[in-house]
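Every chain is named by a letter (A, B, C, D and E) in the order it is written, and numbering of its residues begins at 1.
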Amino acid sequence: MITIDNNYLKEQIASHLGKQLLHCEETYGMLCVETTKESIISLLQFLKEHSELQMSFLTTMCGIHYPDNKGKELGVTYHLHSLVNNIRVRIKIFFSEHDCVVPTATTLFDTANWMEREAFDFYGIKFEGHPNLKRILNVDHMNYHPLRKEYPLEDATRTDKDDHFFGR
Amino acid sequence: MEVELIFKISLVIVMFAISLGIAAYATYGERKFAAWFQDRMGPSNAGPWGLLQPIADGGKMFFKEDFIPAASEKFLFILAPCIAMLTALMTSAVIPWTTNVVIMGQILSVQVADLDIGILYVLGFVSIGVYGIMIGGWSSNNKYSLMGAVRASSQMISYELAMGLSLLAIIIMTGSLGLREIVDGQTGSFLGFLPNWNVFKQPLGFLLFLICAFAETNRAPFDLPECETELVGGYHTEYSSMKLGFFLFAEYINMFISSAVIATVYFGGYHFPYLNRMISDPNMLAAAGFAVFFAKIFFFLFLYMWVRWTLPRFRYDQLMHLGWKTLIPVAVINLLLTGAVMILKDYL
Amino acid sequence: MQSLTNRSKIVSNKKMTFSERIYLVAIIKGMFITIQHFFKKKVTLDYPKMKKPVVANYRGQHILKRDDQGAERCTACGLCAVACPAEAITMVAAERIKGEENLYREEKYASMYEINMLRCIFCGLCEEACPKEAIFLTDMIVSPDQQRDKFIYGKDILVEKMDKRYDTSKRQTHLLEK
Amino acid sequence: MTNIVKSPPGYEGPGFFATSASKVVGMARANSLWPLPFATSCCGIEFMATMASDYDLSRFGMERLSFSPRQADLLMVMGTIAKKMGPVLKQVYEQMAEPRWVIAVGACASSGGIFDTYSVLQGIDKIIPVDVYVPGCPPRPEQILDGIMQIQDLARNEDLRRRNQPEYQALMESYDIK
Amino acid sequence: MNDIANIPNNNKAAKGGDSKDSISGEYTTLNLGPTHPATHGIFQNVLQMDGERIHSTEQTIGYIHRAFEKLAERRPYNQITPITDRLNYCSSPINNIGWQLTVEKLIQADIPKRVDYMRVIIMELARIADHIICNSVIGVDTGAMTGFLYIFQWREKIYELYEEACGTRLTTNVGRIGGFERDFSPTFHTKLKKFLKDFPQGLQEFSDLLERNRIFMDRVINCGPISAERALDYGFTGPNLRAAGVDYDVRVMNPYCSYNDFDFTIPLGTQGDTYDRFMVRQQEMWESLKIIKAAYENLPEGKYHADLPDFYLPPKDQVYNNMEALIYHFKIVMGEMKMPAGEVYHSVEGGNGELGYYLVSDGGRTPYRLHFRRPCFIYYQAYPEMIKGALLSDAILTMSSMNVIAGELDA
């Protein structure tokens, strides 16, 4: 009888990824793994189809932007959950914003569909092989990806705010 | 002769006014009763207790912009509410309102037209009424309207059959198609303690007729042609101003008429046990009969509302299943039983 | 799917009994329920003739308090504006000059203080942020209006009038240490 | 015969001069405002509360919600209108038959509220004319009712011809409607 | 009928919009939304219809996209609570408290038992309020308006309780990082007691009106079913997943707020259809009531907030009189708290399922990234599959029984 805990999970992931395991730590009780975008799908598939782990539930995924992290500006974070073993793992990949093409996870999880569209909408991350990669929340003709750090939050048409008080 | 002519004309006018008035106040009643069923207060700001609410609604609708969608068939678009209103108003012509009155020595029947085929007339006009909805829905050139129209027409056609079959049982029993005769066949008592009303002889038939009447008037739980959460407004989605008003009005007039028909056919119309023994003066008796008849009508109007604010509605296919697979077979059985009883009666 | 916990219970029963199949029983039961309500006392609040009492800590329109001598308490520190998630508060600070001690309690005061009531979400963070007991939310309700400009409430509306003082003693009792 | 009959008391200004015929119609309109609830978010839930038994919108003759814009008199915009939703809202307004009123319920519809973001329209008055603004996030049902009563006042005092006046046409043109 | 399935293209119908019958292979395009009464004005489904039967669906969402995640990157931690209110506005307190729990996890705060229990009470009230909306709207969409108005009166009572607890009705902004801003007032106690006593009757009455009424049952049974496997693949959580027969509940699997102190069952459905969803929610209200009772009866004594001078505002009278408290006060309000850098994911059982907060902090004044796992957003993508081949009425009911809340859907 194997106890399925973070250590076991870590071993399994390490043995699967080998050198592709870039970083691994346990924060706030959750294992956090960083890998490359080339091996992300095989890792997700491995975890999903693993007979013991059965991490078959994609809790959420989202993009993230670190503009100062040259060559690794954009990232995608996946949260997997094994309902049977009640254990979670966070998997992160980072890549350059000039080459933001990531293989899609829709082949493994149907639920990834809209999450990837959302990540595309917000960060412009292109998911290769996605059946319908277009904007989901914003209007189609929007010409930028609003959640990237360089874009402002505010709407330029707001008229009732005087910014020079308090330097807002 | 002249007296009769004047009487009939005034009767037409009075009944016309009463129909409209009742329809108008049925909307008020509906809103107030719905509110009471739902722990609310209901209209209260327009006039005392909100009594002027229907007038406010009417006034507003008259002065609302009359909108005809560009894509619609203009002539039919205008015709549709007219048909709906017209047929609704004309149906009441054959209903016997009360016993005969005596004016200037002449015995006059308080019925606009005592047709031999009164029931057929009612059924006929009700089925023309659906054209208003159908044409309205189709000519709007709106998909929701069209779906409403399709639902309305198939629903009407299906439920008319069961309705006709349940009425046939009554016709077999009374041997007449005239409403006056059907009413007058319901005097006296049945089994000694019940009033001799058809409802006690034909309980199943009554239930069938009642259900079909709900369906024919597009009332919940059969209000599919205009059900808000699916079809926005159904057949009247594109209608505004008084044309919409006509549709809504027609619905309430239909309710009123169908309540009158139910009361006439199954609940002894203007008859009430011991009424004609207590009152000897024919005119007084007529007045009392009128009151009794309207009390019965109001009860059914209330029932309509009561049911509407209680039940969820059917789904389209379930409605059809209910109509064709349940109501029609039951109606046929009811008809056969009635026939059998009638034949047995002759032998005994 | 295997069971994840041992606390589950299947609750939906789709088998209908005969009495449920013939519609009528449920219909009559339903109609019985509704007719009971028909004769019940109505719960409706006939607003505006009747008004519902609002709790003491309700988050309605703001006021700027004066102290007991009638001096404005606000010292224009700007915390409320910073704390406002809607960025609805704007103020301009000014130095108190000699002779104004009875008007302003501290040496600095807000010469202009505006809250945009249309932006405001009445979250109460400004009241919580205020270190000077100056701004409070009240149980007064901001009334609707037809012009957008009228919703920028300046000091003329916000600062409490001495003849109509607002009792805030019940509002922050929870924040005081007993 | 130089005696000129005095004009009846009315409201000054073109289109606001209410005569008795207008008054009767205005009263009818005011008591039969059928709302089109354009509820997108939180305020929609508060509208449900306004409609429900405790506050009961039907007292004003308003319980017949008409989801078809043709039949509605009052467009109640409740909740955030994103820029994606803006054209839809405008289209709904254009489809409404005259006379039509608009009430912006809540901070988001009136001004954008806390959502001063790239995707949210900063107040629906940028695309359609608004008659009454109701502040609050979401407003209490009392406030929504206050707003509705203001609309009733507008309806009651409106001249029958107002909608044909050049001022009104100019207003519509400024919003590029029709 | 088989030939309908392999007709390749229905673009023609979409462009022309003219309806022909399915033999010719064209469908009617019906725009359900964004202003359809049943969508409550928030999303659009373009249905390809064959008569009343739905052939395919295309969804458009984002009609009230408000950029919560971007907004959260620009607001200090304590100002994010009011933003979370507007996620799933039917049960704002759960969102508020979920967010506070996330931050408390990040700062590893020690929360007193009383706060946990108070939170449980508020959250379960919110769950009841949320399920009331969903189930009564299912009722309305089947045409039974009256049940909605009966049960809504109880929601009004919950509003009153919220008002007592925090000062407003719907968007509560209840609680602070570390606990509550105030203790339950005496009126809250009396009102809660009254609610606990009377609500069962109201709920029972609502059940009597609908649950075993054949018209209703016919409408909702087999309406929009989804199997457990598909539901999991689509990332369903909460009542909708439980209706499909998977007993996943965050409150039990990853207990927070001392939920493991309470004994409650997880109601399950079998097929994942609308009736299952309705019944699961219905039963969950009973369970929530049980939890509230237990929490209220065992409400421990103590403080209503944790001892967190760096994050929880000092008492007002100290702020007025004590310099140190004033400094802390300023620091907290300005958002200059000592927030540790790190990443944390925390989830609570929201009204619609697992409501997750993925918070990346770089130690700054605002979160570096805050991603909300919005259950609605995730499971609503299964809608086309659930209503394929169903009737229009079923589509409406499926939609309302999935309880798609716009604020949560579009964020």
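Here is the rule we go by: a contact is a pair of C-beta atoms (placed from the backbone, for glycine too) under 8 Å apart; a residue touches a chain by one contact, two chains touch by 3 or more.
Quick caveat: nothing in here was measured; it's all calculated off a predicted structure.
J.: Starting from the defined contact criterion, work out which chains touch subunit A and subunit D both, please.
T.: C, E
J.: Going by C-alpha centres, which chain is most central here?
T.: Smallest offset from the overall C-alpha mean is found for E.
J.: Measuring between Cα centroids, what's the chain most distant from subunit D?
T.: So the chain farthest away from subunit D turns out to be A.
J.: Give the label of the chain whose average Cα location is farthest from that of subunit B.
T.: It is A whose centre lies farthest from that of subunit B.
J.: Please report how many Å separate the Cα centroid of subunit A from that of subunit C, as a whole number.
T.: Their C-alpha centroids are separated by 39 Å.
J.: Calculate how many whole Å lie between the centre of subunit A and the centre of subunit B, each centre taken as the average of the chain's C-alpha atoms.
T.: About 64 Å, centre to centre.
J.: Centroid of subunit C to centroid of subunit D, CA atoms only: how many Å?
T.: About 25 Å, centre to centre.
J.: Going through subunit A residue by residue, note those that touch at least 2 other chains and give them in order.
T.: Each of 83, 86, 137-139, 146, 153, 160-161 in subunit A touches at least two other chains.
J.: Out of subunit B, which residues touch more than one other chain, so two or more?
T.: Residues 34-35, 37-41, 44, 228, 232, 309-311 of subunit B touch two or more partner chains.
J.: Can you tell me which residues of subunit D touch two or more of the remaining chains?
T.: In subunit D, the residues touching two or more other chains are 53-54, 56, 59, 65, 67, 84, 111-112, 114, 116-120, 137, 140.
J.: Pairwise, which chains touch?
T.: A-C, A-D, A-E, B-C, B-D, B-E, C-D, C-E, D-E
J.: Taking the complex as given, what residues does subunit A use to touch subunit D?
T.: That would be residues 137-139, 146, 151-155, 157-161 of subunit A.
J.: If we count contacts the way the header does, which residues on subunit C are in touch with subunit B in the complex?
T.: For subunit C paired with subunit B, touching residues are 27, 30-31, 33-35, 37-38, 40, 42-44, 46.
J.: Give the list of subunit C residues in touch with subunit A in this complex.
T.: 2, 4, 78, 81-82, 87, 90-92, 116, 118-119, 152
J.: Once bound in the complex, which stretches of subunit D touch subunit E?
T.: These residues of subunit D touch subunit E: 37-42, 44-46, 48-49, 52-54, 65, 67, 79-82, 84-85, 88, 92, 114-115, 117-120, 137-138, 140.
J.: Where on subunit B is subunit E touching in the complex?
T.: 34, 37-40, 143-144, 146-147, 220-221, 223, 227-230, 232, 309-318
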